[in-house]
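Here chain A shows up in two complexes: once beside chain B, once beside chain C.
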Partner chain A sequence: MAFLEINNVSKKFGATEAVSDFNLQIEKGELVSFLGPSGCGKTTTLRMVAGFEMPTDGRIVMDGKDITDMPANQRDVGMVFQSYALFPNMTVAGNIGFGLKIMKKSAEETNQRTKEMLDLINMPEYAHRYPYQLSGGQQQRVALARALALRPDVLLLDEPLSALDAKIRVSLRAEIRDIQRKLGITAIYVTHDQEEALSLSDRVVVMNAGKMEQVGTPFQIYNFPETNFVASFVGTLNTAEAEVVDPARGLISMDGVQFVSADDLNGRKKGDKVRMSVRPERFNFADDQKKDNLLDCTIENITFLGSVVRIQVKIGKTVFNMDTFNNPFLELPKIGDNGQVTCSKEAVLVISH
Partner chain B sequence: MNVADNLSKPPVKKMNWDWVGVAPFFIFAIVFLFLPSLSIFYRSFQANDGGFTFDNIIALFTVRDIINAYKTSLQISLITAVGGAVFGFLLAYAVVLGGLPRGIRTFMSTFSGVASNFAGVPLAFAFIATMGNAGLVTRWIEGIFNISTRELGFSIYNMWGLSIVYMYFQFPLMVLIMAPALDGLRREWREAAENLGGNTYHYWRYVAFPILMPSLLGTMILLFGNAFGAYATAYAFSGSFINLVTILIGAQIQGDVLYNPGLGNALALGMIFIMGLSMAGYVWMQRRAARWMR
Partner chain C sequence: MKKINIWAWIILFIGMIYFFLPLISTLEFSMKMIKDRYTFEAFRVAFTDRVFFERFGYSVLWALLTITLSTLLVVPTAYWVHWKLPKARPFVEFVTLMPFVVPAVVLTFGFIRLYARPPFFLNDRPILLIAGYIILSLPYMFRAVDTGLRAIDVRTLTEAALSLGAGWGTILTQVIFPNLRVAILSGVFLTFAIVMGEFTFASLLAKPAFGPYMEEIGSMRAYTPQALSLVSFLLTWASIGLLQWIGRGRVQEQVAGAH
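Let's turn to the complex of A and B:
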């Protein structure tokens, strides 16, 4: 039995269904992210686990115990809010020790644990600062320490980094992952940033319009998206309408340009409409080696992105993005050039609608 | 370029014109606050014939009526500041956090804006017309229970009656100031407190009240000053029935019988002194309560 089970949970606000039929089993020590666009129900699901919202339907079971109707202040769950939500009238130490004070722990134990937490977040010298004297990143670290001070069984993080600037976001997300691993704490991490979700999760739940689209490891989600939504939301993806030509050999046609795909097309018949997609990094310029797909194209645009150069190539009537590593010793084509690109048949994904 | 070069060229001093912006404020403060206070101070020591005297100041501490007037003024100010704060806070709480429809909220703030300025003669008259000896409600109660309120010793023309009248403008003012402060309490603070095992009491005791404390204190001192300096309402309500410092001052400077401007000035000086003390107390408490603010 999984440590945290969210079973058939849905939540309605009046007529709108914010979350519908959510099902997830989370193992102890696992970090699972909820990934999806704004308004897709991530926060609502998290708040139901925290006890701030009551599910309209379904049960939530933690460590074998049904906690669906348990008040929020009795749940063994720590929460980190998007906006830090530190108590502005308390020092860093006061914030971290707040839960312990309410539990009526001895001053000695409270001080000891507060110090431990300050060490954990690498801010031992900040105990007596007020929140306004801290940077956003520091405030969020204190909020993390505050949520962990009571040693909860589950840690919930609602877009904890979205208010911070890019550089701090990357370093702090590594720090959060580190701490989560060190403590072996079960965690749910809500984000709308796919890079964040892919880089720090054991598993990712992709959500759209209140529904789960796909659950899987970052590897599965990125490389084998099961729905059109996942394919287009996670990573930059080229998608196009196509038609099945020969299901047995994996042949499909996009506006007359033929692709071969490694995907299983059994169960489809000639003439079926499908959606095909190729990740930008799976395209290459044609060389001597034989590839499954060799495609004529025109260079439409070239964008320099640092380590990567994004080239827009027009294949048939459709423009695809193609990423190549930036290599200063390699000559790039020019806009308007005609050429050929290749991709393997494994790179051509056929997605059901 | 070396150090010597730097030393040989003194920096060009530029005239700083920043003060021009606040100059009107300082001029205003000097003309309408500082100079009058100075004049009050000076004339407190002036006898009716223009000579120097300590009599007026001594009277503040010796004349029974004057001591009582200060007592009553302080009592009414404290009662209505605390009472207004409590009721105003509760009403603001109900309006802001009670989940009332948006329309009621707008109505309440508009109403409070009007009510907090509804003072002086109209307020006193309205109160007398409803609760006075021949007031609407008084008559009505007397009619129903067949009693005479006056024979039962009931009267509104005392300190408590006046306190109730003052409450009419005190607590809407509290609502006006506290509503935005309550709005500023973020939902996440309550949820964070709850998430850490706290209940409603813990949240209010350790989070919400400390955060509101600076505004609460600020409003209380405002209410206190508001009541302490009120004159028109009290005068219209009771004539000189109720012995307040402001009414006493009025009698010294415009009365035919009691005309004694020197004493009037000394009484005013006493009021300034008391307000100064309460401001100092306020600043001290505010410092402690607002330590966590930037």
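Let's turn to the complex of A and C:
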């Protein structure tokens, strides 16, 4: 039995179904992120685990105990909010010690634990500062320490880095992951940022319109998207309508241009409409090596993105994005040039709708 | 630029005259109790009247009771409206505006008609007066607290406290009240000033308050009421000054870049 089980949970607000039939088993010490666009139900699901929303249907079981109807303040969870939500009238130490005082811990234990937490977030000298004297990143670290001070069974993070600027986001996300691993705490992390979800998580749940689209490791989610939504939401993806030509050999045709795919086309007939997709980084300019797909193209546009150069190539009537690593010693093609690009057959994904 | 500056000063000066001239004349008049001499005799007479202290004391007591009850009524209500019933806010706000819509005279007669007969018989108790004062204080208290609540993220702070195991009592006393301190205080001082000078309720309910006392003195003597009105004016000022002092803003210094 998993440590945290969310079984057939759904939530209706009036007539709209915010979350429908959500099922997930989370193991102890695992970090699972809920990824999706705003309004997909990821935060609502998190809030049901926290006890701020009651599910319309289904059960939530934590450590073998059914907590579905338990009030939020009796659940053994810590929560970190997007807006930090530090108590403005209390110092950093006051914030971290708040939960401990409520649990009627001795002053000695409260001080000891507060100090531990300040060390954990590398802010021991900030104990007597007020939240308004801290930067956003510092406030969020204090909020994390506050949530962890009671040593909860589960840590919930609701878009904790969305209000911070890009640099701090990246460093703090590594810090959160470090702390989570060090403490071995079970965590759910809600985000709409795919990079965040992919880099942090043991598993990612991709959600859309209240439904789970796919659950898997970041590797699975990125490389083998199961639905059209996952394919297009996670990473940049080229997609195009195509037609099955020869299911046995994996041949499909897009506007008369033929692609070979390694995907299983069994069960599809010649002439079936499918959606094919290729990640931009899977295309290469043709060289001497033989590749499965060798395609004529025209260069449409070139965008320099720093470490990566994104080139738009027109294959048949469709424009595809192609990413290559920046190499200052390699000459880039010019807009309007004709050339050839290649990709392996494993790169051509056929997605079920 | 120069021209605008001069006009601004002139307008400010006219405003100051409009504001201070009546006060200065009142002071001047109140000092003329003894012929051909400026003295503080009127103030001495006012302050040696035993009744003055008695009435003043009553009013202070009732003001404090009003403030306590009004705070206990308004803060949890406004908090609950913000946290759970945001749709009810316009309705609650409308209710709190009652003293602006229904004149105090009408309210008092309503009170008397309803509560001075069986089964209540409350007309002898100060509770009826305090209830009236609470209604008078509602627009100020509610608006002050409402503004204070808007300035903090009530919902998230409450949820943060809940997830740390806090109950409603703890949340109200340790999270909500302290963060509303300045807002509550501004409501409190306004309420204090209103109750101290209130006339209609106290007079119609025949309560020995400070407002009716000023009126009685005014109809009997010439100089003392002027002194008294100055005193009550200074009292209001002192309240507001106290409010400014307690509520003086913390410097909002964000440590930029130092993450």
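As a convention for this text, the second predicted complex is superposed on the first by the 353 of 353 C-alpha atoms of A that agree within 3 Å, B and C clash if a C-alpha of one lies under 4 Å from a C-alpha of the other, contacts with A are read in each partner's own complex, and residues count from 1 in each chain.
In this section, contacts are C-beta pairs under 8 Å (C-beta built on N, C-alpha and C of every residue); 3 or more make two chains touch, one makes a residue touch a chain.
Remember, predicted model here, so these are calculated numbers, not experimental data.
Could you check whether chain B and chain C clash or fit when both are placed on chain A?
They clash: once the shared chain is superposed, the two partners overlap in space.
Which partner chains sit in contact with A:Arg203 here, chain B, chain C, both or neither? Use first/second/both/neither.
So A:Arg203 meets neither chain B nor chain C here.
State whether A:Lys11 touches chain B only (first), chain C only (second), both chains, or neither.
neither
A:Lys42 contacts which: chain B (first), chain C (second), both, neither?
A:Lys42 contacts neither chain B nor chain C.
If you stack the two complexes on chain A, which partner ends up touching A:Ser135: first (chain B), second (chain C), both, or neither?
second
Touching A:Ile168 in the superposition: chain B (first), chain C (second), both, neither?
second
Applying the touch criterion given at the start, work out whether A:Arg113 contacts chain B, chain C, both or neither, answering first, second, both or neither.
A:Arg113: touches no partner chain.
Please name the chain, chain B or chain C, that touches the greater number of residues in chain A.
The larger set of chain A residues in touch belongs to C.
Starting from the residues of chain A touching chain B, keep only those that also touch chain C in the other complex, and list them.
50-52, 72-74, 77-79, 81, 83, 85-89, 98-99, 102-103, 130, 132, 146-147, 150
Give every residue of chain C touching chain A within the complex, in rising order.
152-153, 156-157, 159-167, 170, 174-175, 178-179, 181, 250, 252-259
How about chain A: which of its residues touch chain B in the complex?
50-52, 72-74, 77-79, 81, 83, 85-90, 98-99, 101-103, 130-132, 146-147, 150
Mind pulling up the chain A residues that touch chain C in the complex?
Contact set of chain A toward chain C: 50-52, 71-75, 77-79, 81, 83, 85-89, 98-99, 102-103, 130, 132-138, 143, 146-147, 150, 156, 168, 171-172.
Within their complex, state which residues of chain B touch chain A.
Checking each residue of chain B against chain A gives 186, 188-189, 191-199, 202, 206-207, 210-211, 291-294.
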